[in-house]
Amino acid sequence: MDTLYRPATEPSVSGNLHLERYLKVRRYTEALIAPLTPEDMVVQSMPDTSPVKWHLAHITWFFETFILSRLDGYQVFDPAFGYLFNSYYEALGPRQPRAQRGLLTRPSLEAVLEYRRHVDNHMSVFLSSDLSPEVTDLLELGLAHEEQHQELLCMDVLHLLAQSPLKPAYNPRWAQPATGRRGQFVRLDGGLVEIGAGNDGFAFDNERPRHKVWLEPFEIADRLVTNGEWLEFMNDGGYRRADLWLSDGWATVQAQGWDAPLYWQADGNNWQVMSLRGLQPLQPDAPVTHISYYEAAAFATWAGARLPTEAEWELAAVAGALEQAHDTAWQWTNSAYLPYPGFTPGVGAVGEYNGKFMSGQMTLRGGASVTPQGHARPTYRNFFAPDKRWLFSGVRLARDVK
Amino acid sequence: MDTLYRPATEPSVSGNLHLERYLKVRRYTEALIAPLTPEDMVVQSMPDTSPVKWHLAHITWFFETFILSRLDGYQVFDPAFGYLFNSYYEALGPRQPRAQRGLLTRPSLEAVLEYRRHVDNHMSVFLSSDLSPEVTDLLELGLAHEEQHQELLCMDVLHLLAQSPLKPAYNPRWAQPATGRRGQFVRLDGGLVEIGAGNDGFAFDNERPRHKVWLEPFEIADRLVTNGEWLEFMNDGGYRRADLWLSDGWATVQAQGWDAPLYWQADGNNWQVMSLRGLQPLQPDAPVTHISYYEAAAFATWAGARLPTEAEWELAAVAGALEQAHDTAWQWTNSAYLPYPGFTPGVGAVGEYNGKFMSGQMTLRGGASVTPQGHARPTYRNFFAPDKRWLFSGVRLARDVK
Amino acid sequence: MDTLYRPATEPSVSGNLHLERYLKVRRYTEALIAPLTPEDMVVQSMPDTSPVKWHLAHITWFFETFILSRLDGYQVFDPAFGYLFNSYYEALGPRQPRAQRGLLTRPSLEAVLEYRRHVDNHMSVFLSSDLSPEVTDLLELGLAHEEQHQELLCMDVLHLLAQSPLKPAYNPRWAQPATGRRGQFVRLDGGLVEIGAGNDGFAFDNERPRHKVWLEPFEIADRLVTNGEWLEFMNDGGYRRADLWLSDGWATVQAQGWDAPLYWQADGNNWQVMSLRGLQPLQPDAPVTHISYYEAAAFATWAGARLPTEAEWELAAVAGALEQAHDTAWQWTNSAYLPYPGFTPGVGAVGEYNGKFMSGQMTLRGGASVTPQGHARPTYRNFFAPDKRWLFSGVRLARDVK
Amino acid sequence: MDTLYRPATEPSVSGNLHLERYLKVRRYTEALIAPLTPEDMVVQSMPDTSPVKWHLAHITWFFETFILSRLDGYQVFDPAFGYLFNSYYEALGPRQPRAQRGLLTRPSLEAVLEYRRHVDNHMSVFLSSDLSPEVTDLLELGLAHEEQHQELLCMDVLHLLAQSPLKPAYNPRWAQPATGRRGQFVRLDGGLVEIGAGNDGFAFDNERPRHKVWLEPFEIADRLVTNGEWLEFMNDGGYRRADLWLSDGWATVQAQGWDAPLYWQADGNNWQVMSLRGLQPLQPDAPVTHISYYEAAAFATWAGARLPTEAEWELAAVAGALEQAHDTAWQWTNSAYLPYPGFTPGVGAVGEYNGKFMSGQMTLRGGASVTPQGHARPTYRNFFAPDKRWLFSGVRLARDVK
């Protein structure tokens, strides 16, 4: 990693919590790219993914645009970067089309790392000054944003490497998935409960406001569905039985030829799974991952259960009823990603962060093995379209109490 | 109409309410096709629509399949029709692909009308006998189904005729849209309320079970948005301002080149609107129709409001707070079409009627000018994907109480 | 047919050869549609085909546009028809998009037949007058044009009916394909020969000018490849051996899943073939038809032969060396459809008839069972893109003399 | 360049012409990549292009597969490379899909350069031995193949860099296009002439056999059409006048929105052109390049001329009548790329080199500024589909003698 990155001049950061947190997040990004070649970092393996180099620059652009650019006298590193590395903020002007991010062989990785150092240097100076609450909020947002892209980076790297006939490992020493017993249903009473983030502490706008929800009594599994359970579903014709699937899901199964989770690869009578550790034998006792909402819903139907709603999941998580909540795989809920009652998006361009994506997606709750530590919380709302599989997603079951 | 259709031998139906209702529904279908030529009835104008002839046969096949075929000694009219006129029931076997229904020039219209007479004759005899509750439920379902297709038939005919450079009228004497004053917000208190259909009377499975929902206080418009209000939105750059749109909506605007509702056609400085009455001048005081969810949501944002949720709409409708609830245009809600808590689909193939479509669609409430009288009710849940515009859909606004 | 068509008032045509020929061609078109329903005539089964009703109107529009409209005082039957029934003449203005001809449920068939009568009446009067050579040329072109559409109509009807799960016969008494012995190679010497149409008599512009070509000695088959020979190719893995195919052809085989000629349908261990007579058992001794250029070329490679060039075919045809030249199936040549040396297109809109299609297509020679009698000639150049199969096309082999 | 490439141990090559030629060609490839970053070499900018790194490996694989692998005791460098770097040889087994060559971030550039060194070392030893005529032919083929890919590499690099909003120069010192006077027609008599390669010397199989062709007298321009002439075409509505275009060409113009040659970019009232030297002002006196066949044909029609046939071009080139024949831009002919009379493809997998592409493409003659010196010759047949524009193609006019 040293050859790629020379850290910003290190100020004495003792006592400056903002700066410490900033540098810690930024360093983790650079640690993540250490195993990659420049070529790994420029290619875009499908329109949903972004090149690693683009991630590196975009999360830096976020700090530059929303914090540094508002400071007197700050000069942007390169005026072209506003076009190249804006993701989707319409209020900030035109930008490189998403599906063509992989055409950006220039600027080089070296220039992007130089950009990071430039912004880090300026941020380090700035964070040593007194910060207004508004800036603190933007800093927290920028750091949460970079953490989200750290996870995206892992998703995108795995997808890229999985396309290679060579099936190269990203990092052979990446953590193994946790194995363990199968889940059991636990019962919760429901009633008139409150969910969502309160006013204190950092949360995304989509987690607010905290609000009342009525819940009937329900049961929820304390652990995630395992690969072994998924094999039972498959062996029972799970991918061939239309009756188990939502209509759109069944159409997707047929159009895409799905017959197993995304990264499973038949190997004679066994299965191999492509992972950040490379191609490895399937572990029956590990949680199944890289599952679309359609597959999760079909599995639940097959199992005589259903997926939990957002509110059920959050109630159970807060109640401490759930294992594997935040560190294993995101868990599809049966709730569409829609605004909470009374939702108001952030002000200005930042208001585009979440609200405009509130159609066509399902909410996931929890967190995954690639989610940076401390990033998620019980009120956190992740969201993807129901056919996506390249995220680290799994299945937690729920059911009605009869 | 006489030339096309000779009604089934008319039994004395006095006192037989089932038979009277059956024949009334069936006759209305035939009245609807009277203005059409055989050529109008065979063409499929886009994959979402079906040919009128296909509708005529499919709704007949529904009675034959779910009622007559279970009777001792009944012979199906033509064994090939199971393949040709099954819509989406996987449990009933393979079927003509949806997008290729317009290739079915055979059987001829005459044969399809003969099929209707055959089924009507058998149904008339059967309905004169004692009916079990289960059969009564299927009869009600079949009739509600035919009524749904009566509305679809109007939607599909309008879409077909609108594709013609000749812009022919379906029926020049079709009812004019109701005009009137603009809407005003009325306030409702919310609280812990109940929505959904109870156990009595006919309702689709998706309207059940009745269940509790917590609602914050809210305001809802007593009338629908008018063409004149829509023009204000357009004149204010409504179709050109990304900030008003959901991300998927904005992508659709650009990909489809939307700059007005579906059937609007610029005519110098004025607008003409294609309707079942043919091409007619825009009426500013009539409700806007043929609006996608994306457009409805963008308009609401522009207007400083939002769309109501399903529960808000139902509460207000039951409270009698709404004009134009059931007879003007379906009203997009901001609720995704998902199962109610405790939802269980019907048993057997009929279970595919609603449940499997519970992904990717938004719920609409109310009813439209083309909805058969008496078909809808306050608990009724209509649903379409957010980009669809060929339904008779409009906009009712809501907003939070500050 | 009587119910559909009331012929134009019949003048005494004795002695008027132009009028006799005109009425004969026009009547044959109407005879061709006698077995069809109005619904059969409105549907477009793929973008390459046109609805029969459209053909009926278009070939009438051709006479109206290129002959009647130039006469003093002639009123066009309906000004909208110029938009609806222009095929591809850019010089004549915009037109209904080709792929959307099937949306034209109006004008009705009855109106189109009325259009035909109107034009026939005016043409009958006009043809009874003295005709300039220029008009005679246009008349010949219009009649040849209608004959081409008579063949297209047969192609398009077969394609439409073949899409139906009912596999209806167009006409159960349509002529059976001629069976007979397999072909044998005959040798021709080549040398400096002349091909193409001379100045006398009617020919399309693409057949001219007559010009010199040098040919090496070659052999050409005296009959067409049979279904039995094609089965041998298939049984030898013809559709699975990449080495036999052109690169584009192999890509098409894989993308389209071709494993037999277009209208073949496996029936246990046997084959059925959809034809204008309906679905019938394969006849091994009949010529194979509905073959793309890609398939023809692959077969020729498999057979150790090649396809003839245009010039070889024409030389052999003129020499009387060929059976099944004009009445069985069009024969793919290995010549691209390009202008002859010195080619000049017709003047005015008529110049768009042939010349602008001279890219991306291969030439076929001969004529088919659906080609109107007397329509083709040895210099005739038919042309289609190499992946098309809905034409009545077959294979005649050639090879070099070693 | 040194940092990227350490040449193979240099034998004393004096007197070994094969080895000298081999090393010269191989070195030129490496010189071509010197200005590029590893990231530039891995990205595929459209399905038609290949990543530079893929070119580097593929042309090496060609020598390994067709020469080294047949030698006793040779061990392939990496067995996976057969899958990764086979282009289209079906006889050699499955391979990385063409459109997914850009997903190959591994093997790294360094590994590919190591592969080149490995093969160069073995080839150097082998070429120092006595070579059979068959091997000499394969060597010549391999070198001509690498030269073709040197040109492709330039085409693909320009296309990639042109996609970048930064419009980076490949090499600011790359040669300027030659400017000069406009062309003039020269007359040739034609007659019974011979074209094609004779039996002596290297030529591709598609250039053979030499054969007789009859040509009418014709005129051909001695120079290529200039940018200034192209501007006149554009200013005369060239891209907006359907009458000038082939039907497929006009459809392409509309579907692609063409209004200028590929790399032209409007800059106020002027034009900039993207080139290997970066974005530069249009030079009116330089030949127009990056023109599709469709555009070339439309221009010729506009100019009252036509494109030459292959035979006309070759006759004129051999006669010394042409300037800018081989060093400026490939020249579209009006001849389809089809086999010469008596054509026989090479034996074995090498037989797939040319023959299977003989459909759907037009022949170009001459050579371009990016064609390696000495690579082309008067009988050389280049070929591309008529809509392609990323090649260095231009226009030379011809016309009939009246």
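Per-chain numbering from 1; labels A, B, C and D assigned in written order.
Assume contacts are C-beta pairs under 8 Å (C-beta built on N, C-alpha and C of every residue); 3 or more make two chains touch, one makes a residue touch a chain.
Model, not experiment: these values are computed from the prediction.
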item	value
Mutual neighbours - chains that touch chain A and chain D alike	none
Longest centre-to-centre distance from chain D, chain (CA-based)	B
Separation of mean Cα positions, chain C and chain A [Å, integer]	58
Averaged-CA centre spacing for the pair chain D and chain C, given as whole angstrom	38
Centroid spacing, where centroids are CA-atom means, of chain B and chain C in whole angstrom	45
Chain contact topology (line, ring, star, complete or other)	ring
Pairs of chains in contact (touch as defined earlier), listed by label	A-B, A-D, B-C, C-D
For the chain D and chain C complex, residues of the former touching the latter	88, 90-91, 192, 211-216, 242-243, 245-250, 293-294, 297, 309, 334-336, 338-339, 341-342, 356-360, 362, 386, 400
Of chain A, residues touching chain D in the complex	37-43, 45, 53, 80, 83-84, 96, 100, 102-109, 160-161, 163-166, 168
